[in-house]
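These are the structures, in structure tokens.
Okay, so chain A shows up in both of these, paired with chain B first and chain C after.
== the complex of A and B ==
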């Protein structure tokens, strides 16, 4: 009895610890005052609306969106064949390849960012945008490979042979028999990759240049100069966006199966 | 010559350095229902995959309708394969599964509809055409998989353990169904199985394989009644097998038989290398041998006795109407020449 009671308290405290800051941010953004504070200085929606009129937020939001979409698409373009090869062929060193592909998850983002800056942007004269694109692709790749691999492992292999005996080439067998059966896994990988890329801070921190900033970095920079509640409002909006995406994904795909 | 549908000539199949099938020669007649029978690892599945083109031979030739297809890729061979697990496309309906091959071949829509409907009709699946494979029972998936191959009018239809995933009743039904389909379509069918009763019941001819080699080819009757080797005899149910020791001049009218566990004396001479009895061929309650009943199992028509003897266990199936002998009791048994199969090694 008391054990149940104690475990409930611990559960509640844990949830409060995890979700609490989120509520603080939501309410801080609702402030009517002009500095970031909690509890808020009166209630108003003005900072939630003000977010949309900040020019640099609009630019960095667009950059973040483009990076998330194209970085993830590129990662999938590389990751789906990689996952297929790892699953279907006995590649020498497949385990090593899996580890290397997973490296961006394990290696701290700060190190990845610094490395990319030091060895791509500086000596090779890569533009910051290109470096950001490469960095985000590399960061999302592990998720793409992992999620698609999990989906492929649940798909029987003999349907490809069946397709070939019914007249398909190898490629047709993949597009007609395999792809339709792993598309929800690919979509799940896309969503996971998109959210990861969009919320990514440490790598992007190193790869920012004049006028080229992702949204989270821009928010950091904004706060250093202007300490008003708009950043809290924007954070809350972004959190809602992520929650909405994952919620829809869970309802339509059963997202949690893949992650 | 033209009645040969598939011809394997000096076919050698290997996985890396491991030779699974060395130098196989086999002619499969047109319109025949033939079984490749053998224990796992005997090369039967490998041979089937080679006919389908899913495996490239290291040496030899495969001819289909007198054309060398050894280097023809599997998608151009016009060979059908019904997989053991059916391998239906999970994302497609029954109709679309059957239509798959025709769509790949860019068949006109009207013809696809006509042929798929006829195919579904043939296997009795027309009423379930809208269902996805996951919504079908094992037997229904089997039928769908058959229809999917049959609509392509393959030159040969290969079936991998077609009955092994079905329960006993469905197995009987599908067995009849396969024979009917074969008669109705006239398509040459090759099926792979490890189950001798399945092969005996279904096929026109059985190819018994062991270690990648053909042990014996023949009709189900000839394989069942005249196994030519110890392996074949064991495989078709001669469970009591002995080597025959040469008769001595002192006792020309009797002989000694032995197995790894011991020896028994027979009161008649045997002119063969081996002698074997089915459990149904052993007589108990009379005869010159003694043993102890180690186990008795009731199996409906008969009781299956396991008897401990000087030469290990002897298995005997006795009509169930005979009063049973208790476990532990000593009984007499006989190994009559009339029910024995004599085997002499091929030169």
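== the complex of A and C ==
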């Protein structure tokens, strides 16, 4: 009896520390006053509405959205065949490939961003948007490969062999037998990649130009000049968006297996 | 990515060791380096202590509750770090909860400065990376034979002995994995030290940003970049050894 009690206390405290702050953001954004404070000075929705009228937030939201969607799609386009090759063929140096693919996770993002700026944007005249796209693709790639590899490892190889015996080419066997079976893994990889890309800051830190900024960078910049609750409101909205995505993914895919 | 990596090294590589000697001779750089190391280690330590307690409780829950708990633990990972860090401004700021409570209760006459202190950065990093540790510990505890603890108890071990002799050795891999993730995360976090530490409590990442964007000092930037990569890789290698030893 006392043990379950202790366990409850420990878990509640941990969750309070991990999740409590979000409730605070939600309420801080509801403030009617013009500076950030808690408890808020009166309640109003004005800051939640104000978020939508800030032009730069709209622009950077669109950019982040596009980067997250297309960066993740490109990463999957590269990552799915890579994962397939790593799993099915005994290619020489598979371990090395795994290591290289994992490198962006180990190498601090800020350095990747700096390297891109110094060696691609400045000397080769790449546009910032293109560099951002490359950076986000590279960032998501490890997740794509890892999640899809994990799914492929659980898939039996005989269904492909059966498909080939029944007259499919290798490619057809892949598209008709393998792909439908790893669909949920790919979807999970997409969601994980999307969220990672959308939220990521360090890589994009140096990669911003006039009018070209990802949303988190824009929020950081906004925070430096003003102290009003709009960033709290925006944070809360984004948190709701993430929660909704993860909740739906969890219900339909059992998403937490893949993380 | 390989080209990128070598290029990142080249930034500092163009300069011989003289640049490094110069870098180390500046007290600010040393302070920042040791602060980053210290905060990283502290975050790992505290998240391991809390992580063990939380993971142990979660593993012992009934399956349905366990899944829900696990979902709640990974939830914060999916939310923008900017939002997660921003919450601490609301909590610790001049007109935040803590100060309003302290002043309201008459404990303190004026708001206390919490933001831009090491404590603030520490709390922010801890909140950001603790879930990684908890997840790593949960998965290694799930692989632990259930009766090991009961057996040790029957044989007369107290809880401290159970932890050091049974749980710790059996979950070492999880601890090492979690530790690596948390340490590298804390080392390479930019947002948290930027928002909660500002220019008062610089960490290697924020120092790097300043060197590039404020003083255009690419030599220092390259050196910091190299230090960060070496620390990050070093932590990975050392901890992986520990897991196998």
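The definition used in the following text is that the second predicted complex is superposed on the first by the 249 of 259 C-alpha atoms of A that agree within 3 Å, B and C clash if a C-alpha of one lies under 4 Å from a C-alpha of the other, contacts with A are read in each partner's own complex, and residues count from 1 in each chain.
What we mean here is this: contacts are C-beta pairs under 8 Å (C-beta built on N, C-alpha and C of every residue); 3 or more make two chains touch, one makes a residue touch a chain.
All values derive from a computational prediction rather than experimental measurement.
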Simultaneous placement of chain C and chain B on chain A, clash or fit: fit
Tell me which partner A:219 touches in the superposition: chain B (first), chain C (second), both or neither. second
Just to be sure I read the superposition right, which of the two partners does A:211 touch: chain B = first, chain C = second, or both, or neither? neither
Between chain B and chain C, what opening angle does the Cα centre of chain A see in the overlaid model, nearest 10 degrees? 100
Quick one: is A:177 in contact with chain B, with chain C, with both, or with neither? Answer first, second, both or neither. first
Once the shared chain is lined up, is A:169 touching chain B (first), chain C (second), both, or neither of them? first
Can A:15 be said to touch chain B (first), chain C (second), both, or neither? second
Compare chain B and chain C by how many residues of chain A each one touches, and report the one with more. C
If you've got the overlay open, could you tell me the nearest Cα approach between chain B and chain C in whole angstrom? 24
Residue numbers on chain A that touch chain B, as the complex places them: 156, 158-159, 161-169, 172, 176-177, 180-181
Touching residues on chain C, where the partner in the complex is chain A: 1-2, 4-5, 7-8, 11, 50, 53-54, 57-58, 60-61, 67, 69-84, 86-91, 93, 95-97, 100, 126-127, 130-131, 134-135, 184, 187-191, 194-195, 205, 208-209, 212-213, 218, 221, 225, 228-229, 232-233, 236
Could you pull out which chain A residues touch chain C in their complex? 7-8, 10-11, 14-15, 17-19, 21-22, 24-25, 28, 35-39, 100-101, 103-104, 106-112, 114-116, 118-119, 138, 195, 198-199, 201-202, 205-206, 216, 219-220, 223, 231-232, 235-236, 238-239, 242-243, 245-246, 250, 256, 259
Considering only the defined contacts, which chain B positions touch chain A in the complex? 52-54, 74-77, 79-81, 83, 85, 87-91, 100-101, 104-105, 148-149, 152
